[in-house]
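Quick heads-up: structures coming right below.
Across the two complexes that follow, chain A remains constant while its partner is chain B and subsequently chain C.
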Partner chain A sequence: MDAALRQIRVRIRGLSLFPTGLRPWHMVSAIVFGVLGIPIAAGLFLTVLPAFGYLPSIGGEALSLDPWCELFHTPGIATSLRITVTTGLVATLLALVLSFSFCAVVHGRMRDRGAESFLAPLLAAPHAAMAIGLAFLIAPSGWLIRLSNPWLTDYTVPPDIASVHDPWGIALVLGLLVKEMPFLLIVILGALNQIPVGQQMRAGRALGYGQGVVWIKIIAPQVYAQIRLPVYVILAFSLSVVDMALILAPGNPPPLSVVALRWFMAPDVTRYLPAAAAAMLQLLVVVAAIGLWRFGEQGVALIGLWWMTRGGRGVTGEPGLKLAAAFAMIGLALGLGSLVTLAIWSFAWRWPFPDALPSTWSLEIWGRQAHTLIWPLANTITLAGLATVASVFLSIAWLETGDRMGRRRQTAVFHPIYIPLLLPQIAFMFGAQVLVLKLRADGTFLAVAWVHLLFVFPYVLLALVDPWKALDPRYARSASALGASPAGTLIRVKLPILLRPILIASAIGFSVSVAQYLPTLFVGGGRLATLTTEAVAMASGGDRRVVGVFAFLQTLLPFTVYLAALIIPRIVFADRRALSGRT
Partner chain B sequence: MTWKTVLTVLAMAGLSMMYGPAQASSRWDEIVSKARGQTVYWNAWGGDERTNSFIDWVGKEVQARYGIIIRQVKLSDTAEAVSRVIAEKTAGRDDDGSVDLIWINGPNFLSMKDKHLLYGPFTQLLPNYRYVDTESKPSNVTDFTIPVDGMESPWRLAQFVFNYDSARVKDVPRTIPDFVPWAKAHPGRFTHPDVHDFMGATFLKQALIELAPDRQRLQQPATDADFEKETAPLWAWYDELKPLLWRHGQQFPANGPAARQLLNDGEIDLSMSFDPAEAAASVESGLLPDTVRTYALSGGTIGNTSFVAIPYNSPHKQAAIVVANFLLDPATQAHAQDIRVLGSFTVLALDKLSAEQRRLFADLPTSPALPTNAELGPVLLEPHPSWMTRITDEWMRRYVK
Partner chain C sequence: MTNALIIRSTSISVGGKMLVSNLDLVVEPGTVATVMGPSGSGKSTLISFIGGHLDSSFHATGKVLIGSRDITDLPAEQRGIGILFQDDLLFPHLSAGANLAFGLAQSVSGREARRQRVAEALVEADLSGFEERDPATLSGGQRARVALMRTLLAAPKALLLDEPFSKLDSDLRREFRRFVFDRAIVKRLPVLLVTHDASDAEAANGRIVKLAS
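Here is the complex of A and B:
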């Protein structure tokens, strides 16, 4: 009944707005789908064809299954597939469990703002930089062992254990965890703001439930319902990550995404075909894993329902939660430690094993790299700036036209707009490369900025949707009632109130752009060097001190933008407490 | 075939010189004047910091002298540049490609030459090419058994050597069979880079040359039957060695510099490089302890030449040619041979240089980690590229599960 009524209402609204309201909405969605949809669709299409043997330029004229045969006959392909699936699923599951436990234990003891600034460097650090730092940290000759050496251990030479590039992919899981957990924490903290946690906690405690049980039984399900999209994004990302895998995952055989990348980059062009097949397999793996995850959700929901209705109380959940929270803390500490190691290496001259700190410090590496840094740095900043500004404009246009249309449609959690975040990049980057080559736009600034936009825009939108929805509509109504035009209302009322979330969304967009590796590599044709492409190219064996310089800078840049996003509202709204973000 | 093509190139070079210096130099002047203002996208493996700095230095020099700007496109694998040119050919971009100059040799050169992706022959246009040693350094004209035919211009020599930390080990293996007893005495203290990397593949090729029943056979393309016969002793040897390697031979450093890092960290005692001066230069720049020493195997080791080539669709061919010529300048070569810069041995024949030019080389600094030419021993020729491809594939088939 309710649903039927709602449908009728939607239809009526659609009809009544048809002559005037639909036009800007159509325009904005046409722009968004043109900007995002065309390259993705073309990229996918131009990758699917070679996966089935069709690539006329290298003599593949007829459709066939040969590329798939070649793919499945590759030595170690089963292991590659297994590593991809296990690392992706385990990393996501662990990130989820640990983040929830962490929030359960610290929520209420820590203010959101405090958490934000504590997590900012971890959020800002690109995946590649984090992976490089983590490898410095946990390697058998890494900082952890060097620090523990005189007291705990007694190594004159590093132990012969595989703590990085290990055959099970544990280092990769750890890397993903360290990077995804902060993201999930921010998302969960955001979701918690939508729930009267304190009230429910008091109610639960009054009914005799332990604090941990209230978290698991009452609060977690409500939070999870809100954060499903980010969880899927993490799952898809973890399954198909390339730059982190190059630095942390095993190499013989490597995960599937690296198999595909190696073939795409091989001198023998005929390898394009199995590469495309591998990219398609990667896509299937992601789709299947999301399906499996959904299936798992339903299972957990069923069991959870039975468990909840059983009504068990008590405090048995507590030690487990605390332990998980402790692990989460260790993960976050590892993340921060990784970033510190980057900085130390960049200022070291000689740092032989097993010294806990460099034996000679020097600014020489920074000085020597200064002029090689300039271009990648300028490219990184300009690309990120362009992509972020365009994304913020598009997001505001999207949300504002949505407001004028009546919301709902374009802010749905599983809107197609988020597809770029769920698709493995390798599955459409080769096709995108062919497309830009055909357009003769490869290696141009605009092409790379455009492909960055594909990933920056959804993140910016994701970050902006909730604050935008949460904005009290009475402000806009009052403004209209006082005679302000819709544009005036937007510029003079809504945007200033939303300044803080807009800046945060920009900072997220900026760091997403800085972190892009594969899109920059493929569409930039290698000619557009960014800090990330340089750092990854050097990470495999390059001079650690130089890698340290690049990776440290790569982290510092988005971090500065984050800090600016936190500080600017305080300055602009120094006299308006509620808008400045101080609580 | 090989010699014939070499002779052709030499004859062409000779002809261009004979046709009066006036004509040659006016052609050269035309190239230089067209090159002014062009930007050369030099695609080069970016994994070596010293090479990157050297390229940077070249960029500054040619900008000052010829008004040419160099942008190094740092590759994690040279094959990236090859596949880029192929992608461009695919898309029909025959005159405004994105690659102007590639640091190349061996299989990548063969691949590009076979697919007609290179511009040339062009070395006869280079005034400095006359200094190149084409007799006692055969790898300058025959790249992995493939005749160069003027399609790429040499710029540095490489010879396969081993580096060890003399503070930790005294005895080192001097032949390929020696590696097994040495590794038994020092389990987990030696490894080679991943076989997908040229350094790892070179280690296996070096072993193949020493162990193959018929070494000459390796100069021809491999066939199925020959491959099995010639590599059988290699695999028997490797099966014994592999479990004694670092990480029990389950994991390998990605490339040469990664292995050098392991040596520096003390994770291994013995590593390898394709550059006799690399260790000395690394000590100089703080990347290795000053107790590291370099040596070659007693029967000699593989040597080859690094070249630069120009893709057929480069829009800045003149500037690329000028850069290739600049790399052959005796002063540039002497600068590159300085261990504080690159330390790579020159491709030039010193006896073709003037006394003054020779002095540039004689005055270079030396280091205890730098081996003498006598210590390096004979240079062995690279096998045909098909052996390398097959060894890598066979290694994958045997050891990747």
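Here is the complex of A and C:
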């Protein structure tokens, strides 16, 4: 009888949220792949069809190559393609070289926590806000020229130079660099923690190699092997960025992604067809560029091996590294300067050229804009909240079921869940819009939050994987040896110990959602205004003070959430030294 | 009313490599059996198997019994087997007292009764009044004693020791070893110790099984 009762209890437990066995893993995988895969697959499919002339709603019923002909006969299309490829590749290469050099020079002199705290505002700032701030900084009438004015330059009217929207895309490269470098720095610092840098440096120097050369020949290859995914993500992003391009890149002809966007947004619906072709071309560019990059990697590896085994000790790498690190510093300073510029403009009342600072300050603009700010702000917070909470739940379910399955390789670096980060958004957003229209869900919070999730979830998971795996599995074993159920172990032991990384992953997810432009624009059907869509819409030609208010608030919001993520563990675990995050 | 811990014809292998082959062992209540072997010989794997924590990459056959009750297929939390690891693994988010209360069996009910038992356990560990202390502020020896009390409060039917003395320095080591063995023997628990240290085995004063590397 007793044994029978125990059997029943075991069975009932078997029905709990996370029973042991195969099923929950399969269920969580199915949910994750469904949630991420359906909009992407449908989005791509429903963009490919119009690229070949098939879009019944506007009368395109036969497959043809006409959209492509139209695309390639557009004046300036070759220039668009060239700008896209050069800005994307140059920005990625520069970001990589400068970030690595910066780490080589700074590593060991600065604690990681110190780096994290000064990179935090740059990481949290949405791309659009950063681009707007940079434009306010480097424009002919921007803060840099105002600051340099009477003592270095002598302008009474802004000089006639195209420092923003320049025909080569230099401003765009600068913008990408300023935004991507902090991300790469964090990733590289993380990778350096996995390598015994000090020991290898001693070993290398004992063999007669200079410090700089040891960095380049010994440390760099090991770091690079660990950061390939983030590098590809940056490459794909830089090639296909839309919001930064609208603000910084040349407008006539614009980069390819902007060409596609303009046509998708055109009142003339027949433009959808060449737009879809441009979007597909954008996808091909990204695929080809990643292929080219991999090819380059192999070439560098081959030449590098020859160079390293030659045993040459004569060259010194340090001056080069230091120069590059100095450029990286300038880049970071420009980034912080951009954010400060936004703040100043938002509080300026009168700021005539060429004064270095506003002549009158005021909160007037904030007050006047309050009623236009409030809804975009509420929408932004709601969307980011929904997408972040869902992503954190999914990530925890993913990692926890993985633990129970005893799977250790589940999140290999090139796992399919990171595909959304490698695809150009423009390549499937139109299709995703068509899908939600068919589901009659266009313009709803749920649909927009869903497409945000595609980008929020991979970042949350990336941020959570390492701390989750670093948690000593014997904590969970101790808890179950003390009689705690698997769910109890998760809720009472694992999650509290991991509170800090969970909150930080949430803050990262939140900032990713706040920064989304295209997904909100397309799936929101233009009816869901967020701080980002408003700021981008106003960026060209709007009153700088008003744009400043929107862009500064857009930066402040994720930054506040990030600060909260750092502070909450200190309050909750004020008297728990191991968890409060204080050093 | 305690029973022996019985390991019956147990073999464990990983990736074709045999770690434990056909082990039979009976640990009587109130005695300490020792499994010895160099690192990598599968000592901790054996502990994981008995405790129900074995990774799915391992292949194991054989039975684990407490007295006549076969627990081989039960999940870890229903086996009633306590484990002490090399590290104390006190939960860093809970106070010393809350760590003990986490371990304390549910059969002790009522706030006051549970508080009382935790206080007694702290007295027994020579740590009276340490309820609210952050584990991170305790010394190594203090943490080790809290970890043992936490394990014992769960009222286990057997105790596994996975080299819990190896990180302590020699005086503390001898003292803590005595502390563990005394309490286990008083509670008439079967104890299985794995170690690579001969003095541990000697102090255990029981059967010794050697695993080859």
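Some observations on this one:
Convention: the second predicted complex is superposed on the first by the 559 of 583 C-alpha atoms of A that agree within 3 Å, B and C clash if a C-alpha of one lies under 4 Å from a C-alpha of the other, contacts with A are read in each partner's own complex, and residues count from 1 in each chain.
In this section, a residue touches a chain if its C-beta (ideal position, glycine included) is under 8 Å from a C-beta of that chain, and two chains touch if they have at least 3 such contacts.
Bear in mind the structure is a predicted one, so any value in this text is a computation, not a measurement.
Chain B and chain C, once both complexes are superposed via chain A, fit side by side. In the superposed pair of complexes, A:492 makes contact with chain C only, with no contact to chain B. After overlaying the two complexes on the shared chain, residue contacts for A:243 are found with neither chain B nor chain C.
Applying the stated contact rule after C-alpha superposition, one finds that A:579 touches chain C and leaves chain B untouched. In the superposition on chain A, contact is made by A:269 with chain B only, not with chain C. By the touch criterion defined above, A:70 lies against neither chain B nor chain C after alignment on the C-alpha atoms of chain A.
Contacts of A:438 after superposition on the shared chain: chain B is touched, whereas chain C is not. With both structures placed on the common chain, the touch criterion links A:400 to neither chain B nor chain C. Comparing chain B with chain C, the partner in contact with more residues of chain A is B. With both structures placed on the common chain, the touch criterion links A:116 to neither chain B nor chain C.
Superposing the two structures on chain A brings chain B to within 48 Å of chain C, judged by their nearest Cα atoms. Common to the chain B and chain C contact sets on chain A is no residue at all. Chain A makes touch with chain C in their complex at residues 10, 20, 405-406, 472, 474-475, 477-486, 489, 492-493, 496-497, 499, 573, 575-579. Within the complex formed with chain A, the chain C residues making contact are 48, 51-53, 55-57, 75-83, 85, 87, 89, 91-93, 95, 102-103, 105-106, 134-137, 150-151, 154, 156.
Across the interface of their complex, chain B is touched by residues 55, 57-58, 75-76, 79, 139-141, 156-158, 160, 162, 165-167, 250-253, 262, 264-269, 349-350, 352-354, 360, 368, 371-372, 375, 433-434, 437-438, 440, 442-443, 525-527, 529, 533-534, 536-538, 540-546 of chain A.
Listed in rising order, the residues of chain B touching chain A in the complex are 41, 43, 46-49, 52-53, 56, 71, 73-84, 86-91, 93, 96, 98, 107-108, 111, 168, 188, 194, 196, 246-248, 250-262, 264-267, 285-287, 289, 396-397, 399-401.
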